[in-house]
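Here the structure is laid out as structure tokens; the discussion comes afterwards.
Labels run A, B, C and D following the written order; every chain starts at residue 1.
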Amino acid sequence: MTELRTLQAITRALSDAMEADPSVILLGEDIGAAGGPFGATRGLHARFGPERVRDTPIAEAALVGAAVGAALTGLRPVAEIMFMDFITLAMDALVNQAAKARFMFGGQRGVPMVLRTPHGGGLSAGPQHSQCLEAWLCHVPGLKVVCPATPADAYGLLRSAIADPDPVIVVEHKGLYAMKGELPDPPAPVPIGRARLARPGRDATILCYGAAVHWSLAAAEDLAREGIEAEVLDLRSLQPWDEAAVLESLSRTHRLVIAHEAVEAFGVGAEIAARMAEVGFDELDAPILRVGAPFTPVPFAPPLEAAWRPDAARIAAAVRRTLA
Amino acid sequence: MTELRTLQAITRALSDAMEADPSVILLGEDIGAAGGPFGATRGLHARFGPERVRDTPIAEAALVGAAVGAALTGLRPVAEIMFMDFITLAMDALVNQAAKARFMFGGQRGVPMVLRTPHGGGLSAGPQHSQCLEAWLCHVPGLKVVCPATPADAYGLLRSAIADPDPVIVVEHKGLYAMKGELPDPPAPVPIGRARLARPGRDATILCYGAAVHWSLAAAEDLAREGIEAEVLDLRSLQPWDEAAVLESLSRTHRLVIAHEAVEAFGVGAEIAARMAEVGFDELDAPILRVGAPFTPVPFAPPLEAAWRPDAARIAAAVRRTLA
Amino acid sequence: MAEPLALYRTMVTIREAEMALARLFADGEVPGFIHLSVGQEAVAAGICAALAPGDSVASTHRGHGHALARGLGLRGFFAEVMGKASGVCRGRGGSMHVADLSVGMLGANGIVAAGAPIALGAALAHRTRGTGGVAVAFFGDGALAEGVLHETMNIAALWRLPLLLACENNGWAEFSRSETQVAARLAALAAAHGIPHREVDGADALAVAEAAAEAVAALRRGEGPRVIEARTRRWRGHFEGDPQRYRDPAEAAEALAHDPIARARAAFLAAGGDAALLEAVEAECRAAIAAAIEAARAAPAPRWEEERMGAYAPAEG
Amino acid sequence: MAEPLALYRTMVTIREAEMALARLFADGEVPGFIHLSVGQEAVAAGICAALAPGDSVASTHRGHGHALARGLGLRGFFAEVMGKASGVCRGRGGSMHVADLSVGMLGANGIVAAGAPIALGAALAHRTRGTGGVAVAFFGDGALAEGVLHETMNIAALWRLPLLLACENNGWAEFSRSETQVAARLAALAAAHGIPHREVDGADALAVAEAAAEAVAALRRGEGPRVIEARTRRWRGHFEGDPQRYRDPAEAAEALAHDPIARARAAFLAAGGDAALLEAVEAECRAAIAAAIEAARAAPAPRWEEERMGAYAPAEG
């Protein structure tokens, strides 16, 4: 076990993948000598050279489109979009090209590319640098979407994403970059599509991903002091997501709270709640509650942003409500 | 009452709005003398002139971005994106600019623009010309989204959209353009946010919008022959949507099926199901079922596309299942 | 250098295949909508003649010619456009998505200009992998209005990638004259990016082929991207069934005067070639097309239930 | 023509305001991140001096100078950037979103190049409504890599809209020299679009103002869009706190030699101006800024519970 920060785990995953496979290249804005806006590619330019760690101009559409073409032509590109808010500029390449190629070309080949992008607030980065837009991508057949909450998952999911034969979006929470955690030695890939039991419990299930995992754990901690044992299930993969694990947990707790930082309405939690209102209906002893952000853009000023973002208190309150 | 086609109702709404308000202008590709790719703007170029009916180059990002700027500067632009699949090219202007301006600028002003765009399959138009991507837009605070199923609603919602102080996306189903229906005389705006009871019933509620309204009505017809009285509720507005109407219907039928053409997973139905699994939980006598498209791109060949698209039979089957 | 008879064969294949599609479409045997490149055959033929196995091509909504010139087989082609299970894309893509990755044909594309960054990425892969290969991005004159094309030019120029930007300038973008759509001349834009630009008569297959050969050789030498702009004519509507009310009949008639096939035929004969050879080629093309159409007609419709492959690779093991 | 003392006042306001922000940021009084335009003040001052009430400006992530030059009030400005309820955007936008629609300031913008089509639309509105107004799109040299900027140039040129494209060429795009990011010179791109382009020394406020006045007059005469490219220098990091390890110290030092304020001061004095006047302006600016900061400090933090206005207009009635 090695202790390191999420950001270092990401760098390590990129480095290990590039070491293992010469077809892995990196593309992104200022990811080269500068090491990336958040430092995720630090040292890689020096180590692997400018042909494999490519600084791109500020041109997200072409950057992601080029990743598609490169992936169709024998490379495994890992593209970085600096803030998830900027995927708005690359949706065509993601949705109409990367996601569709395998199916639309009759299964000839897939598009083995990865897109890394940070989401989430907490830095007072304002309405255009804080959004959580993963629900969009989960709605697109052909894309996979993962969102790690720990350094080990940041490493493991990224390795799996790079090895995957289809396009995978790795959504990273920028507020977690500095968080420390253990990496197994040797570090291991984490399979896409499997949830992680972050804390067992019997009274209610809190389903969450990304930064919300940490709020959920804190909430569970608080609830435990009241005698409520909440189970925290870290989804990790959002598309595909681990329906079996959610059902299994629900079949024990019979109460479900879904928490994420994204706007609640039409968010990732909606699909999970909807699915559980179908296949898990008979297990439900209470309404499914969601804890997500209110329906406005992310505000800038710290007190507004703090009030806007979901947190442990809101999650704990929701758990209490499902038990009331 | 006048009988006309959906497309004519749209043209009429545009024409009436332009007549009533000189600040209404139209922007889109080949919408001018050519009358628009589907003919929605036929005659308007001749009537209102090239300054108010503007043929734009093939540049969706700038087209929608310009609509934002124009709306902030005293116009009420109605932009057209030829196929909904192409909104992928204009997401930044929609999401980061149009949707956010009112909130992000502290409520100084809104962006009174409309984006009209056709979605949906049935024309063998293939994977990049058939998608239903409305769930994305519903997830974006600041946007409103409507989707008419009848000529009267196509007219009325478009008039309301143009009059609205905030950006409204009007999603039209291209398969419905030729459908005939009655327009009240004089034609009237239809308020955004209110569902329409398309067929009353007591045994189960079918919630739907767009083309799925017609499949749902056909399903209800079939079910009626079996003695099942399904209520068909046409949502019409997807963001905001008429939660009160859905709850009210559910409180009578206690069974809910949600139908749309979009891919089921992470679609519009997910939010409604999730919400009903919360606020309507006590009304539910059966799992909430969704009927949406399977999780692949829209295939081209007619038999594939027909199998892929939801239809009356699948909706009826779902209703039967909720009653089983 | 491209062999005149080979170019002729490619052009006749495209012409005959597309005219057959026009009939099939009118008869309801082709679903959806199709955009024909009739009249523009010399561009696809000439450009693709300069390519070697392993090179990559990204195409447009008007991509039949590019696909066929790149070597996508007639049987898979017709079956695809006719929506059959034996189609090169199993009937899932249709006209706007014909692709054969095994011959480096990265797909026709329903999104204007979207092929350009894909070709850019292919060129990047060729460079990075050291394959010696090149990539071609076909695009129309109307596509110059799309930002991503400019992003692509910029990156290709900066990174000196082996990318050939092949513009089919047919004067039209759907129902609009492209001079009402695009302010800049491509020559000037290319020059601004430091990309060598060459204009060729897109009705002259030999001229296109010569320009392409020269450009591709430069690409292979690592000299950075090139632009070829072929002035060409759209003989038919934007899509089949387009009544073309917007079109001046004189312009439409003038377009027909630029027939790349008639021109190639005349040049071949003037150079002392044997008409019988041309006729043999034509007969072979027609026969192959007829056979492909018959095979497609006979092929089963795809059935959703039998379609095991979804949007993702099947899970391993 | 722009009045030297007015230009001086604008530049000093921007400089002093941003240097104050730098201190406030270092002290933790400014949340989030901020991009300063220190060293580039003459561009904002000179361009905005050419504008009249009713004209529109769309800006960038480095937008403080544009906002202040356009007349966004200091109190609303500081309160906004400091995240207070009395901010011009009620603390919801912050540095990257300062906007005051009442003075035609359509917002700083967190998305590179996104202001360009917004300004295009504003220009379209001025034309369509017959206001006689013009619109300005500020953008950086790095933004030229974004496709939408090219889409904007094209449409502005085609429609001959009253749009001034004002490029602040500071040689940098974040941590990269912009020549590694953009292959084309803006002059050549503008020429390709048929848009008159003028390069000015962005450290010379009078020169910028003169070029802007000439361009805006042409816009008002309906002569179509214009480009002004101001060569300027970024004195500080990309954002405050940027350690600038990527930056050659010589280049950073050279940048300081181009001080638009020192230059304006020298020119004013050389023309026989009275230093006391300048000092009075400086004192007034500093006092106004100090007062604005004090007011912002004293202002309440915004409270979510009190924020009645959401993402939509309140329902009527």
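Just so we're on the same page, a residue touches a chain if its C-beta (ideal position, glycine included) is under 8 Å from a C-beta of that chain, and two chains touch if they have at least 3 such contacts.
Here the structure is a predicted model, which means the values were calculated and not measured.
Undergrad: Please name the chain that ends up farthest from chain B once chain centres are defined by their CA atoms averaged.
TA: Between chain B and every other chain, the largest centroid distance is to D.
Undergrad: Counting in whole Å, what is the centre-to-centre distance of chain A and chain D, each centre being its mean C-alpha position?
TA: Their C-alpha centroids are separated by 36 Å.
Undergrad: For chain A versus chain B, what separation do you get between their C-alpha means, in angstrom?
TA: From the centre of chain A to the centre of chain B is 30 Å.
Undergrad: Could you tell me the distance, in whole angstrom, between the mean C-alpha positions of chain C and chain D?
TA: Those two chain centres are 45 Å apart.
Undergrad: If you look at chain A, which of its residues touch at least two other chains?
TA: Within chain A, the residues that touch at least two other chains are 57, 59, 61-62, 85-86, 88-89, 92, 96, 99-100, 103-104, 126-128, 141-142, 295-297, 299.
Undergrad: Would you pick out the residues of chain C that each touch at least 2 other chains?
TA: Those would be 87, 89, 91-93, 97, 109-111, 145-148, 151, 154-155, 158, 180-182, 310-311.
Undergrad: Can you tell me, using the touch rule above, whether these chains form a line, ring, star, complete graph or other shape?
TA: Drawn as a graph, the chains make a fully connected set, so complete.
Undergrad: Which residues of chain D touch chain B once you look at their complex with the stated criterion?
TA: Its residues touching chain B are 56, 58, 87-93, 97, 99-102, 104, 106-107, 109-111, 114, 116-129, 131, 135, 147-148, 151-152, 154-155, 158-159, 309-313.
Undergrad: Tell me, which parts of chain A touch chain C in their complex?
TA: Answer in residue numbers: 23, 25, 51-52, 54, 56-57, 59, 61-75, 77, 92-93, 96-97, 99-110, 141-142, 144, 165-166.
Undergrad: Taking the touch rule as given, give the residues of chain B at its contact with chain A in the complex, in rising order.
TA: So the residues of chain B in touch with chain A come to 61, 85-89, 91-92, 94-96, 99-100, 103-104, 126-128, 133, 135-136, 138-139, 141-142, 239, 262-263, 265-279, 281-282, 284, 286-290, 295-297, 299.
Undergrad: Note which residues of chain D are touching chain A in the complex, please.
TA: 31-33, 83-85, 87, 89, 91-97, 109-113, 142-143, 145-147, 173-176, 180-182, 245-246, 301-305, 307, 310-311
Undergrad: Using the touch definition up top, name the residues of chain C that touch chain D in the complex.
TA: 144-151, 153-155, 157-158, 180-185, 188-189, 191-194
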